[in-house]
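Per-chain numbering from 1; labels A, B, C and D assigned in written order.
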Amino acid sequence: MENMTLLDFARGPGLQWALWIFCLGVLWRIVGAMYLLGTKDLSKFRRNHYIRDGLRACLTRSTPAEAFEDKIRFQHISGYAWHIALFVSVLFFAPHILFFESIFGFSWPHLPNTIILFSGAVATALLIALLIRRVVHPVQRLISTIDDYISIVVVLLPLITGLAAFAHIGGRYETMLALHLLAVELMLIWYPFSKLMHAFMTFPSRYQSGTFFGHRGVKA
Amino acid sequence: MSSLDTIPVTTEVATGNVAPLLHEIRHALKRLTGGEEGTSIDLKSLPLAPGEEERIEATLGTGEVRAEVDALGPTLIQETSYPGVWLITHKNVDDAVVARFIEVTFIPELLRSQPEDIDAGIDRLENELGS
Amino acid sequence: MNVESTSVHELEAAIENLEPTVERLGLSDEERVARAKRAFLRKLDGRKAVDLDTCLHCGMCAEACPFYETTQDERYAPVHKYRLLRRVYRRQLSPMRFLYRPFTPDITIDDLREWRHYVFDACTGCARCDMICPMGVNISSLIRIVREGIGAADLMPPRLQRMKDEQQQKNSIVGVDGQRLRQEIAKLNEQGVTVPIDKDGADTMLLTTVTELRMFPSQLGACASILTKAGANWTMYPDAFEAANIGYVAGDTAAMRVATKRIVDKAKEKGIKTVVVGETGHGYQTLRWLGANTVGERLPFDVVSIIEFIQQAQADGRIALKKQDNGASVTYLDPCRLSRKGGLIEQPREILKSMGFDVRETEPTGRENYCCGGGCGEYVLSTGSELRHRVFELKKNQFDDTEADGVVTACASCRFNLHVGADKTNWQMPIKSLVETVAANMAD
Amino acid sequence: MRKDQNLGEYLRSQGVSRRGFLKFCSATASLMALPPSAVAQVAEALAAARRPSVIWLSFQECTGCTESLTRSHSPTVESLIFDAISLDYHHTLQAAAGHGAEAAREAAQEENKGEYILVVDGSIPVDNPAYSTIAGISNLDMLKHSAKDCFAIVAVGTCAAYGGLPGAEPNPTGAVAVSDIITDKPIINVSGCPPIPVVITGVLAHFLTFGTIPELDALGRPTAFFGQNIHDRCYRRPFYERGEFAETFDDEGARKGWCLYKLGCKGPITYNACATVKWNQGMGFPIQAGHGCIACSEPRFWDKGGFYDALSTGDWGSREALLGAAAVGAALGAGSAIRARARKRKAMAEEEA
């Protein structure tokens, strides 16, 4: 494999290693956390609807209770906007779908590039806004760890390099494409070690919260 | 060939390069009348979709002057319907196009008699007379 | 029904008079930190690991916390309060601990002392944060573990330390023991309320609290009247009557187990079928939800709140309640450990409505109700009085907005805290107990 | 053409008028991708140009490059350029053969020391030099020998420029590019499989006109021809922007001439002049014919994944490998949890004590 270009590396060994580390790390994290010694709740449950209460929490935590809405409206809306914009640009860009198809073996319709460009720009802007909030807001500044900042940067990089590659800014296309892939690979590698794991943890966490309060007769 | 012809192939593709080219020609004309030098555009340097070159030609139309220069194969010089805009097509001896230009000028250089050729002509004439 | 302010000060003085007055010596700093970490490790399980790994540090929980809301002090953000636990988890138990370890500082004795303020003075474990977390993290239970860690390090606020020692060693709280119970029962007898003591063959056992006995003995009387009226075969045991569990409050799990075991052992010994817990939030919580887990086995009896008892008796037709004819209105203060953490949200309201009260809800209410500010021992901490009072102000405004004729609660600590606040601010809204209201409205 | 004649004199002696010369210059400028405004400069330079000697070596190649050149679509101009150079050795095209041919090569090298242009097509096997020899001389030796006295080297085709097809995995002959062997001479890579014929003549025209090395990109290619990528100059680009893609080679999108990205077009990473100069008398180029670009002018294009795999896909390995990694991760997770449990139990035991 001599004379390997940056792009060749990014599309080949880089991608393979990143995916291996991603799969290995994610399972490591999930199994390692969930397989910790459990504590059985011996109390007599008021209700015992595990699945119903757990799934309800999975659903209801997607929107804050009315009592809280006023105070967290910005985070609520920006959180939704960020995730939607991210997923639109990641999941519905034709070249991305081809990538997923090569792994999963099936594909889905794509959206026009103007929409992708828009959502990508929105996602980038929102993430930068959220980064600024993290630095400026006293609570967030206090509770933030290095993980929080690195994770934002690591997610920003694929967005920025992707937009740049798309818009032909900052270098030749294959260079930007290589950088974009490398940025994605960096994210995949960082993923299992960081808070980005929340994508896998959120629903288990909501579920167990739902059952915990459900046992006590509280719809949480 | 007839079976190939039955395959419907659409060539109605637009690169979006036609309009800017026409604007460029308009600016070049204004520069020319403003006393500046003429402009020459190499049509081969533009990425054009199939059919777009024909569309440019059709848009420009044909004007009053049409000349053919016979030097290393034919060269067609056609003034378009916009005076000062010339379409120049160089062909080789096999009648294949080797280059195509749009020139915005009062008269294409190639139509002028060239001093070197005039000199050669004088020589020949003098030979004729002197012999 | 207003409590004399002297009795407030009397209780405070009684607590102050307990020895010693400063942080107890005896343990080295290293041993304290080691104990705290052991307590963390014991409580960290798969559930907590998922919670800790899910937290995004979004900070929304701060917006649910009454202490943050009233101070805007970022250190009171719930997520910050369990930071020490997260650090120990990351260093010692998390799946990738070897990677996190170099970047995660170990906890120190100074951390424990700093966090003592956050988890004792500025947290009542009200679990409002649990309700806002978009990730479904059970935040209050994580903060609870930090409290237990600091408790294990014997660094809890000195007042709570003295109180839990007293309960653990002498089976009394600020001097309130079986003897005091007998005295109060004697007074109730004089008022015509009978409280059976050590009755053989009883299948129902009533628990009361130090707060009821010292501040609101009439609540005990009301409970007694209701149990008797409902025809329960009930009794009280002077050596196992205390529902309050200072070990729980102080974060000392050993002391907590001693207090819980006294009741569980007594109930088992006497063949009790139902333990009725009087008006207390944390007393209900420690027995109803934590009891079996504390003693390590399923309980052979039911634990019910007096609220549940009343409702069941109503449903069975054993007691009937008179309807108000004057259209009086009340608002209900949800004790955190009965409502959000106990599952008794609709029940007290139904009881009030069955008596014809116009029940007016505060904004917010029920599951999202604000804590009174004094729960989980907070109300005996001098260090927390300033914070507690700010939260009271918040509650007061919410009560006033309902324009109700009075506020009803079902927890003596909440009630006491409201009285202290009312005393300071000269607040005039009547503060009532649910059992007393029920007892006063029982039809003959 | 006599050696002491310059090109202007030579053309005039051949009866080419000034008009004809100007036309030749226009075509040459267009060939070199120079702006039309450079015609006058080209004319001046060409009129005074001296005739360079060219030695053309063919190594591990398929003769496609030479075929391409001889099919150049402007034979008049091209023949003029070929007339204007002295092609002293080209074993496919020359009439001489055997010892006579090799002697001509040696003579040209001796006569034009330091001035001749060395054109190479094909890669050079270095695993065993005997894999490819000419007149008993290995490609490696011949290249080294011929390069010694040259002015510059033009590596024609992707094989000579980057190793090309013979160098594709697993590269059985150990094929390498000219630039892997010769490092002390300017090398101009005219890559492509084959290169566009007018690009080859365009580079020769540049030498003829200016006698200098043209501006090169990072891969040693003249930026005049390789400066822009196919995707940027592709007439189908608007479909890419609109997200209109042919999904198969015979669907509605393919008929409508939509973008071929999904069918594996490598246009976005390919630098060549196909989209503007085009092939076959300017008739079209692969994308216009309905097939994606295969990046033939790029190094290692054979090993960049399938020609029909979209650019955004990568060689991500196999599902089995990913599942294996996941299984290892799960095992590590379980292991870490078991150790954590032990640690937890120990803490609890210590607490009891």
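Note that in this section a residue touches a chain if its C-beta (ideal position, glycine included) is under 8 Å from a C-beta of that chain, and two chains touch if they have at least 3 such contacts.
These numbers were taken from a predicted model, which means no experiment stands behind them.
**Q** From subunit B, what is the lowest number of touch steps before subunit D is reached?
**A** Contact-graph shortest path, subunit B to subunit D, evaluates to 1.
**Q** Which chain wins if you rank chains by how close their C-alpha centre is to the centre of all protein C-alpha atoms?
**A** A
**Q** Any idea how many Å lie between the Cα centroids of subunit A and subunit D?
**A** Roughly 42 Å separates the two chain centres.
**Q** Using Cα averages as centroids, what's the distance between subunit B and subunit C in whole Å?
**A** Each chain's C-alpha centroid was found; their separation is 94 Å.
**Q** For subunit C versus subunit D, what separation do you get between their C-alpha means, in angstrom?
**A** So the centre of subunit C lies 80 Å away from the centre of subunit D.
**Q** At least two other chains touched by the same residue of subunit C: list those residues.
**A** 44, 93-96
**Q** Two or more other chains in contact with one residue: find those residues in subunit B.
**A** Touching at least two other chains: none.
**Q** Which residue numbers or ranges of subunit D touch two or more of the other chains?
**A** As it turns out, subunit D has residues touching two or more other chains at 332-333, 336-337, 340, 344.
**Q** Dump the list of chain pairs that touch, please.
**A** According to the stated criterion, the contacting chain pairs are A-C, A-D, B-D, C-D.
**Q** Can you name the residues of subunit B that touch subunit D in the complex?
**A** It is residues 7-11, 13-16, 40-42, 44-50, 52, 69, 71-73, 75, 90, 92-94, 96-99, 101, 103, 109-110, 114-117, 120 of subunit B that touch subunit D.
**Q** Show me the residue ranges of subunit A that touch subunit C in the complex, using the header's touch definition.
**A** By the definition above, subunit A touches subunit C via 25, 28-29, 31-39, 41-44, 46-47, 57-58, 61-62, 64-68, 71-72, 75, 79, 137-146, 148, 192-193, 195, 197-198, 201-202, 204-210, 212-213, 216-220.
**Q** Across the complex, what residues on subunit D touch subunit B?
**A** It comes out as residues 12, 16-20, 22-24, 26-27, 29-31, 33, 35-37, 39, 73-77, 80, 233-239, 255-257, 275-277, 281-282, 284, 288.
**Q** Over in the complex, which subunit A residues touch subunit D? Could you list them?
**A** Per the touch definition, subunit A meets subunit D at residues 1, 3-5, 7-8, 10-12, 15-16, 19-21, 23-37, 94-96, 98-99, 101-103, 110-114, 116, 168, 172-174, 177, 181, 192.
**Q** State the interface residues of subunit D toward subunit A in the complex, per the touch definition above.
**A** Touch residues, subunit D against subunit A: 162-163, 169, 229, 231-232, 240-243, 245, 261-262, 268-269, 299-300, 303-305, 309-317, 319, 321-323, 325-330, 332-334, 336-338, 340-341, 344-345.
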